[in-house]
Every structure is written in structure tokens, then in C-alpha cells.
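The two complexes that follow have chain A in common; it is paired with chain B in the first and with chain C in the second.
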Partner chain A sequence: MTWVTLGRGRLFFVLLMLPAVVYVVAWRLAPALYTIWLSLTQYNIVYDAAPHLNRLENYRRILHDGSLSEALRLSVIFAVIATAVELAVGLGAAAFFDSDPPGRNLLLGIFLLPMIMAPVVVGTVWSALFDRTVGPIPYLFDVLHGPDVQWLGTPVTAMSGLIISDAWEWAPLAALLLFSAMQTIPREQHEAARADGASSWQLFSRIVLPQITGMLVVAGGLRLMDAFLELDKVIVMTGGGPGTSTQLVSMYIYKQAFQAYELGYASTVITVLLVLLAVVYAFYLRHYGRMLRLART
Partner chain B sequence: MSGLHAPGREPAQTAPERVERPHRVEAAAASRVGLRKRRSWPHILGTAAILVWTLPAFLYLVLLSVKPERIMVERSALIFWPTFDRFRDVVVSDLGLPIWNSLLTSTVGALFAVGLASLAAVTFSFLNFKGKALLFLLMLLPRMFPPVTTLIPIQLAMKTLGLIDTRAALIILFTGFQIPLAIWIMRTYLDEIPRELAESAAIDGASLPSIVARIVLPLAGPGLLAAFILAFIFNWNEFLFPLIVTSFHAKTGSVAIMNFAGGYKKLQWGSLAVLGVVMTMPVILFVLAFRAALIRGFTTGALKG
Partner chain C sequence: MSVSFSLNARRHLTVAVAATVLVVMSVGPLQVSRAAGVTTLTFLGPKFDEWEAFIKVANAMGKDMGIEVKPEYLPWEDVFKKALIDSKSGVKTWDLVYAYNTWVPGIAASKIFTPITDFLNKAGNKSLVRPDDFIKETTAGLEFQGKLWAFPTLAAPYVLGYRADLLANTDEKKAFRAKYNYDLAVPRTYKQLLDVAQFFTRKKGDSVGGKAAEEDFYGVCLAGKSGGFLFHRYEMVLVAFGADLIYNQATMQPTVNSKESIAAANYYAELHKYQQPGSETHSGGGTQRVFAADRCALTMDALDNILSVAEVPNLSKIVGKVGYTLLPTQVPSRPHAHVADANGPGIYALSQHGDQAFQLLARVLSTEGTKELMKEYPALVPMRASVINDPLIKRDYPKMVEAMNAVITGKPWTIFVPPLKEWVQAQEIVENAMSATLTGQKTPQDAMNEAQAKVVELFKRAGYIK
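Coming up: the complex of A and B.
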């Protein structure tokens, strides 16, 4: 019925669609497939003229790669802590925005700024704040006679610094998603609870929170997967250092590919991660679909 | 697929209009019975918390950007006569080239992406065909996998094509990156156009260009704007791909920042801060001007698939 809507034939519509489809296939999907193929090859652009198959050698190498498992461990730590902080801050902010404060939309716009500005700039902002020569954070420690910390030059504090910057950048996303979930709760429920004498905390924990668990899972899952692969801020703030103490898995891949020129092996690590993510994604889709249906009823 | 995007989109689209009105009424009623006072303290505290969370970090970068070089390391100096020399340098000297590259490639890339995506979205919205849901999913698939997955082949491809360190390479990539999101945004807008309107116009003998000009464009115009702005911002913020396909002539603002800021040893804080502030300006402008469209687009985009 619909294809005659605009008085043109099918062919016309197919031609309209073709350029975008070809473009996405050529520049987005084909490269991903090529990465999977590269994962089966030995290809160091310094030594090898062309990629050649090496009988799953790369996959065997992954199993014995200590640096990789260390990078994975760091990525998990980073992703879990950062996501927890983002959800906590986001939940607080969302509850605040849901109470309809004066100037809400302007305030929300300001709050969203860190997530809309370039990740590189976020990294720069926090590098400056932590820097010992120009930064206010070491200065405050100095004034208050605290310890003299090389924030981004010491393993534990460098990781903390990355987590803080990530929380600053992405808590607004959690807030935005949770806020939009809270807005779907009918106002009558608030009023009824108020009329029955519920305190603000009771209203939040008994009425609001149970109805946004679905979105909480969604927001948490999104952030976990993105934070797990964080790279931009690592490059800008620490470069993976000191040593390899903030070398998250993407940084490891980046170094393998563009500093050691091991394109084949780097592709293998990417492929394995991709498969892992796909499994998590599929699992997550099923469950989160159900969570949302639960949240609605 | 539909189960995935519908829940995220609905609240974001309908929420602002839906809550505004009953709530105003409620607030008015509350002030009438004197309940308003009880609610204002949490609001003041919350507003303060939001501002303290967001602003000082960024404002410190602004402060550094106008701090004279000779007192740069005097951290107690928060009040001084600002210098705008470095901002002038962005306009007149080499420092400005990356910004200009960013501006040009992000704009052209966003225009191409929105153009191609809109054409495709028309088909996805108006035509029913076998495998449509599958093809649509295929178009959105790249949004689900992380950027590192295509980093290596893209660098190889650009080398083979001899496009390393050219603006053309960036435009090609930026167009490709934003097509999936733009298709999605445009389709959600096009789907809202009443079919009867377009159909009756076609039956009355209106030509396709006039249907597009009189019916489709006015209704989908806000979608075009939202798609363009988001595509521009994502291109403008892009870092990894410009880092690996450009080096000098075509490097973007974010790559230039990286050159100043590699690792944890930073030296030229003044120039670094200026670039950071300049890179954030368009973003602030867009946020202030198009809050509603952006928030809607981000909730759509954030849910990926």
C-alpha cells in the first residue's frame, strides 16, 4: 500500500536508499569483517609485505599473553567503579531534575555539557586539574599540608584520576536516561503517596525506584560496555602509564597496532573482544527487554 | 529491534510536553496553599550541587586559557589581568589550522551524512519491502560495535588510497560514521508524517518535488536540523580516527590537543587550554540553542541499536 504513496515506483525508492547502504557497507561493515580476517594472519607492517595466514597462531598467543590479561583486569576495575559512580551521581541528579526545579531545562543543558564536549577536552580539563605545576588539586593538598602526590604519575591515583574524569563526563548520561524514565511515572502516584503522608525518601524508594530499575540496568549496561573500551582519555591523560598501570585493553590494542605494528595480533584481540561483547549484548538484550516490560506494568 | 529503541525514545519524546503543564498547575496550587516553601530548600541545594559538579572543572580551563604565561604556575593567582594573545594566535597563526580543519571536515561530513541518510530514510519510512527490518538493523549495526574494530583496516585503506593526512580522508570517514545515526533520527521524524497527507496530495496530482517541498520538508525539517547538529558534534569531537589518518596538514583540533598533551607530561598549558576552550565553544552554543532537540537525539543515540 505504502509504496505508491508518493506516486513513484519501487525502483525510485531503491535508488534513493542505495548510496547510504553502499556507503555503510563499504566503510563500516567491510572494515569490521576485514579485521576478523586479519585476526587469522601474521601481519607486522614492518616485516611482512602482506598478511599471510598463520593457522590460529594469534589465538594461541592470546591464551598466554600476560599483558593482555592484566589489561583486561584493569579495564574491568575501571569500568565497574566508573559505572557505579556514574549511576549513583546520575540517580541523585535525575531525582533532583524530576522534582521540577526552577530553570530545569537550562540546568539540565549545563549538566550535560561534559558529555557533549570532546572526550579529549575532558581529558585535558582533568589533566590540568591534577597537574602539579598548574593544577588546583595538588595546590589544595599543598595548602592543607596533605601529601605531595604525583596524581597522574602514580599507579593508583592515575587510575582514580581516570575514573573521576570518566564519572564527570558520563554521569550526565545516566542522569538523562534515569530522568526520562522517571518522567514516565504518572504524577498521580506522587500525589497519592504524598496524600497518604509518605516522606520524600519513602516516595523515592517505594514508588520511583522500583519503576526505574529497568532503565537503571540499561544505563549501567551501556556505561559498562563503553567504559570497558575507554581509550581517548587514557591516551590524553596517562598514555597508559605510569608503566602499564592504566593500560586498559583498548590502549593495549592501540599500542600493539600502532606502536608495535602487530596488525594481525591486534586484530585477534579485537575479534575476541567483539565476540565477548556480542555475547554480553545478546544476553543483555533479552534480559533488559524483559526488565523494561516488568518496569512498565 | 523495535523492542530496543521504542522504550528509550518514547519517554524522551513525550516527556517534556507531557509533564510541563500539569506541573505548572501543581506548583501554582502548592504556592497557593503555602506548600512551596517546603520544597525550595532542596531545590537550592540541588541546583548548587549540579553547578558545583559541572562548572568549576571547565571554568578552570577557561582561566588557564587567559592566564598570562609568566604567572602560569602561580596557582594562587586566580585574579589577574587576562591575556587574549593566545586566542588571537588561533585566528592568525598555525595554531588555528587544526581548528579550521575540524570545522571544515565536520561540517562537510555532517552535510553528506545527513543528505545520504535522509534519502535512505525516505525509503525506509515510505516503502515496505521484504527484509526491510533486517536491512535497517544492518544499517544500525555499526553503532553497536566499538570504534577500535575498524581502526586498522581504515588506516590501511587510507594508505592504499594515498589519502593519509588529507581532509578528504576525514570527510569520507565522518560521512560514514554519522550515516547510521542520521538514518535513525530521520526515520523517526519521517514516520510521524501522516500518510494520508502525502497520499491525498499524490492523488490530487501533486508532483514529487512539490510533495517534498510542501509536506515532507516542513514536517521533517526539525529532524534534519537535529541530525545535522548531532552529526557535526560527533565529528567535531572525534579523536581516534583523525589521530591515525592525519599527522600534520589535516590534523584536527582534538589531534592538536593530543600533540600538546601526550602522556602525563604537559608543557604548554596556555596553548592547550586555549585549544580546549575553542573546541568546546561550538558545543556550548549548540547546547544552549537546541537543548530540546539535543536531549531527544542523545537519548535516541545513547540507546544505540
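Coming up: the complex of A and C.
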């Protein structure tokens, strides 16, 4: 059906489309456009009565902002390692659940619990677990005569702590997606492979893995983009420290907007980040099929 | 077909519009409930014990004034943000809003509050409040451009808390004398503070005051969390060593890597060796929990922070064992130097009940009201001389009175954070540099050189320097 053939139904068509259009414009497009406009202004919400245009000054500032490039570097490191850990743990857990262990549903339910917790709660929980004076993890290391690790006190361990907490929260999502993909593989294929004398590793690498590669790429893509923008746990667990060693890009933007109240500059960073992510996402979508084919071969 | 479509569409549209109207009506603008004859004031503040006590006393004292107070608690650092954003959006929900002295320039610039001075200038209000009764050393931080922006409630002078029992222990004294060649006593200089902190840093099982330590014992407990906690402790040392607070206020030149600043940074890094581990994640309250768990010999913190934990029997193993004195001295021209804190509620500029809010504050924060407040929150450090000098207060709160008298009579060199628009950014730059130093990422000199370059860039961008 085309616009021309709709005839008197055009009004109804417009009415039906209106909520979606209003939603996209009001909820998505307008704030994005407002942010882009703000990015061209000098606006300190405390001291400036209103935003005033400063042309491309904020964009020029970005080019020389060492703290921002450092935050971007840290975000990439965090996102890549956290996603890799989550996929590895998720894959292992999915394979375990796919082997139909006794009490599978109960175990699966328990395993998925962290995923439904608010990130700020996850941050608080891990903050307490790593606490040097009352935390069980340092205590365990002490009892087992392990090294004296200052979990959130040094740059490397603080980043590791964040990655561990993120993996704890989101590995269940990867597991859930991969488990559902594994469940779609016909059992006959397992039985046939077994009958042909395939080992467990051969069964996994030759039968299961090629058929869940699509989901692996999807889970990886989803987690990578989400982890790149991590904020809540950073605020709760490290505040971006020690120094700026865990100041991821979201934390950097948050500080610009809500500690320095530089809404203009924060909007510029958001705009640039939006463009960068859009490019990466477009690349991901474009090459998704090719990645799949490559993985399968 | 098209007729039935349009009929259906019309019916659906009607239902949708009706549902929307119902939802809007049921949610509506949030209005303060007002029972007959009772005015409800709203309070926006942090969920700290003292402000919960304030609400309790305000509701008790407000009853016969026909006023009740409903609190909305947020994390401390979010209170200003919330008030600011609400004020910019024209939200009229609030009447009373908590303020901290470093926020005052921002509050004044963005006109979030109506100055208390404006109310004091109305007939009869000055005699009601008696502003001359406020202790001047504590209230300056709430003043800006000649106006008082929040009602002085809780002072937070920084003091040195020390384990009086350990410092008086004969065996410890003997061992200290043998090691340092002078007598163990309450530290009067930062050199002595470092020695005492080093001396009392012990391993689990070592003797501390004649008893085997159940856990590792540390020389000094200091908060080191990013977000202001670390900087706030470090700035005490910074000013004591004769350095500027980040920049020279006369020339606007940043001085983060001045000789004095580097000396202070080196000292703080050295002191850090004798601090509780994990201090990077400890706020003031968290640090005082460690001190109160009998795990440190010394602490430097806001007086009420220490009192609210160390002197509370169900929280502390060291009740009655702590002495309080002024911070040590490094440079003679700045005796017991410290950067002061002050807290109090202000009156939200868009409040619909400004006069009633002022009347309530005047009553709750009067001499009698403050005494009631102290019953609910015994760690409160009052900002009224009449309260400190009250015989009953002297009897019931000897530790607080002792410390406040030390502040009043000792005349410490006191400074408040400068009213600089970019203060938060500048502070964060230096705090990050200090944090990088404490975690061994950079030397104090390198960290402060980098911080200096960043503050210079910040000041250039702001147009203060070329």
C-alpha cells in the first residue's frame, strides 16, 4: 500500500504514525539537537545566566584536552577487557548449563541474579568486598597468606576491581544469550558427533561454537558499547581514582557537567563521543555478516 | 471500511485523550500538603545524623508555630546540584536547603538562596537572632559579598585527635625517648606529628600501650577518597607549610609547584606511609570508624566527625581515650593553620514560605534550640558563644567545649576556601596529583609540576592570566 492508494485512510495513517514520530523527535532528536547546540556555547550553569555562543572554542579545547584522551584510552581498555572476561565466563557458564546439570533452572536463576541488580548496588557490594579493613577479600588473602593487595588503592588493582565487578554483573547476560543459542542446536547433532567418536572439546569447537558465533558477536557488541559508557560503579567504587587511573570517559563527562558545571564543554565531549560511537556502530553493523562468515570458517 | 476506521480511530483517540488527562490529573504538580492551620516546609539536605536531628527538633519546636518540616535527603555532594538545577528550572518545592561554605559563592552567583541578611534587615528580626552571638571564627565561610547566606548551625574546625592513653603510657614514652631523643607528647609541629605517626605504626601482635595489637596498628588515620576528602585533609598541611591555596589571590598566579607546596606534598606523601591502608577509598566517616576501632594513634579531621564516632559507646572502642587539640604548626607565622568549614540551612529563593522558614530557623538555632539539637546530636559543634559558655553544656559536653575553647583561645591561623568560580576544577587537579603521588605513580615534584601546568591552562582559559 502506497501513500496514493491510502486515500481517505491517510488521516488514520498519520494518526497512527504520530506517537512514534513525536516520541522520536521529542525524546531522542530534540535532546540530541539541544546538546549539539549547547556544545557550541560557553555555559557554566552556576555563573552564567544563559548559554552564549563561543563558536568552535569547545571543539578546539577538546583537541588539546589530555585528560579526555586519557579517559578515552582507559574506557577502551576497560571495555575490551571487561567484555572479553564476560564472554569467556559467559561461554563457560552457558556450556555448563547446556550440559543439563541437576537443578539447572535453580542454578541458572541464582547465576542471573547480579544482572538484575542496580549497578550502584553492585558497586557498593564490591566496594565493601574489597575494603581493606572490613572486606572479606583482603581477609581471605590474609588468611591464605596471599599477597597484600590494595584492591582499590593502586591504579592497576583498582581497574581490575572495576573489571571484576563488571564481569560479575554482566557475565550472566552473556551466559543467558549464549545458552539460548546453544539450546537451539538440535540434540541429534550432539548424538551424531558422539557416535562418530568426537571428544567434548571437538564437540564444542566443531559443532557448538560455529553455531553460536552470531550470538557471541551480538553479545560482544552489546557489552562493548555498554561497558564503554560505564559510570555508576566507577562513581561508587573508585570515584575515578586513585589519581585519574579509573576516570573513564563517562566519569569525565559527569565531572565536567556536575562538578565543574561546564555544561557547554560537557555537551561538546558528548557530541564528539556520539559521533565516534556512531562510526564504530556503523562499522560493526556493516561488517557483522562478514565477521560471522569469517568466524564460521 | 474507511467510515468504521475513522469511527474506531475517533473512539481510540477519545480514550487516549481521556487517559492522558487522568494521568496528568492524578500526578499533577507536586504540591506540599497543607493540613488546616499547619504550614509544611520542605528541607533539602544530606542524610547526616545532625540534619536528621535538626528535622526532629524543628518539628518539635515548630508545632506551636503551626509549622512542620518534611525532609528530602540526598547524598551530600548532590544537594547543591539538586538545588541549583531545581532553581534554574523554576521548581518551587523547597523552603530550606542545606549549604556548605565552599558552595556559598556559587549559591550567591546563581541566586539559589535569599540571603539571611535580607531577613535580618526586617524589623525585629535582628533581636530575634542575635547575630553578635555567633562565633566569628566559624561563620565567615557562610558570608559572601557582605551577606550571610546560610544560618550558622554546625561548625567543623579541623583538630588533631590523639590517643591520650597511648601518649601517656610510660613504656611508650621510654621507647619513644630512646628512638627520637625527645619526649613523647602531643605533637605541636608537623615534624613531631610524623615522628609520632611513625613510632606508633605497628604490626598485628606487637605491643601497643602494653597490649598485643589484635590487628595492624597505624600512626595516623586520614581520609583519602577522591572527590574532596583527600584535598580537604591535604590543604591543612598545605597552608601550614606556608603555601597558597592553589593560587596567589593577589596576582591570580597558580602556585601549585611553589617551594612551599612541594614541601607540603613531600611531607604528606611521607605521612601516608603511616596511614591506614585503603585510605584512598575512605571518606571522613569511614576513617573515623577505623580510628574508633582502636587502630590508629592520631587523626586529623573535623571535630564533629571525630566526636560523632570516637565518643559514641556503641561505635567506638576508645571512648574517653581521645584528646583534642589544634592542628600542629609548621611555619611560625601561621600557628595551627587550618582551612575552616561551616554548615547551615539557607532559605531557597523560590520558597513560598520564606518568612516562616526564617522564623523557624531563628527559633531552632537560638541558644535554647541549639541545646535541644545537641541532645539529639551530641557531636554538634555549635556556632553560638552563648551555647559554648553555658554551664550545662560545659558539664555535659566537656570534650567539645575543650576543643572549641582551644579554637577560640588558641586563635589558629584560619582561612576559608577562596570564592573562585573554577575552584572545584582547580581543587580536583591538585587532588588528582596528590592521589597519584600517594599511589606511587608520580613523585610529588612531577605530580605538582603537571598540576601547575593544568591550573595555569585553566586560569588562562578563564581569563585570569595571560
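Note that the second predicted complex is superposed on the first by the 253 of 297 C-alpha atoms of A that agree within 3 Å, B and C clash if a C-alpha of one lies under 4 Å from a C-alpha of the other, contacts with A are read in each partner's own complex, and residues count from 1 in each chain.
The rule is short, and it goes like this: contacts are C-beta pairs under 8 Å (C-beta built on N, C-alpha and C of every residue); 3 or more make two chains touch, one makes a residue touch a chain.
Bear in mind that the values here come from a model prediction, so they are computed numbers and not experimental data.
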First (chain B), second (chain C), both or neither touched by A:120: first
A:20 touches, of chain B and chain C: first, second, both or neither? first
First, second, both or neither for A:61, with chain B first and chain C second: second
Comparison of chain B and chain C by chain A residues contacted: B
Touched partner set for A:47, first chain B, second chain C, both or neither: second
Touching partner for A:241 - first (chain B), second (chain C), both, neither: both
First (chain B), second (chain C), both or neither touched by A:152: both
Which of chain B and chain C A:131 touches, first, second, both or neither: both
Chain B and chain C footprints on chain A, overlapping residues: 7-8, 127, 131, 133, 152-153, 237-239, 241-242, 258
Chain A contact footprint on chain B (complex, rising order): 3-4, 7-8, 10-12, 15-16, 18-19, 22-23, 26-27, 39, 42-43, 46-47, 49-51, 53-55, 57-58, 60-61, 64, 72-73, 75-76, 116-117, 119-120, 122-124, 126-129, 135, 138-139, 141-142, 144-146, 148-157, 172-173, 175-177, 179-180, 183, 195, 198-199, 202, 207-208, 211, 233, 236-237, 239-240, 243-244, 253-254, 257-258, 261-264, 266, 269, 272-273, 275-276, 279-280, 283-284, 286-288, 291-292, 294-295, 298-299, 302-305
Residue ranges of chain C in contact with chain A within the complex: 2, 5-6, 9, 13, 81, 84-85, 88, 106, 109-110, 225-227, 276-281, 289-290, 293, 295, 421-422, 424-425, 428, 432-433, 435-436, 438-442, 454, 461
Contacting residues of chain A [partner chain B, same complex]: 1-8, 10, 13-14, 16-17, 19-21, 23-24, 26-32, 34-35, 38, 89, 92-93, 96, 99-103, 105-121, 123-129, 131, 133-136, 139, 152-153, 158, 168, 171, 173, 176-177, 180-181, 183-184, 187, 191, 200, 214, 218, 222, 229, 231-232, 235-239, 241-242, 250, 253-254, 257-258, 263, 266-267, 270, 273-274, 277, 281, 285, 289, 292
Touching residues on chain A, where the partner in the complex is chain C: 7-9, 11-12, 15, 44-47, 61, 67, 127, 130-133, 148, 150-155, 237-245, 255, 258-261
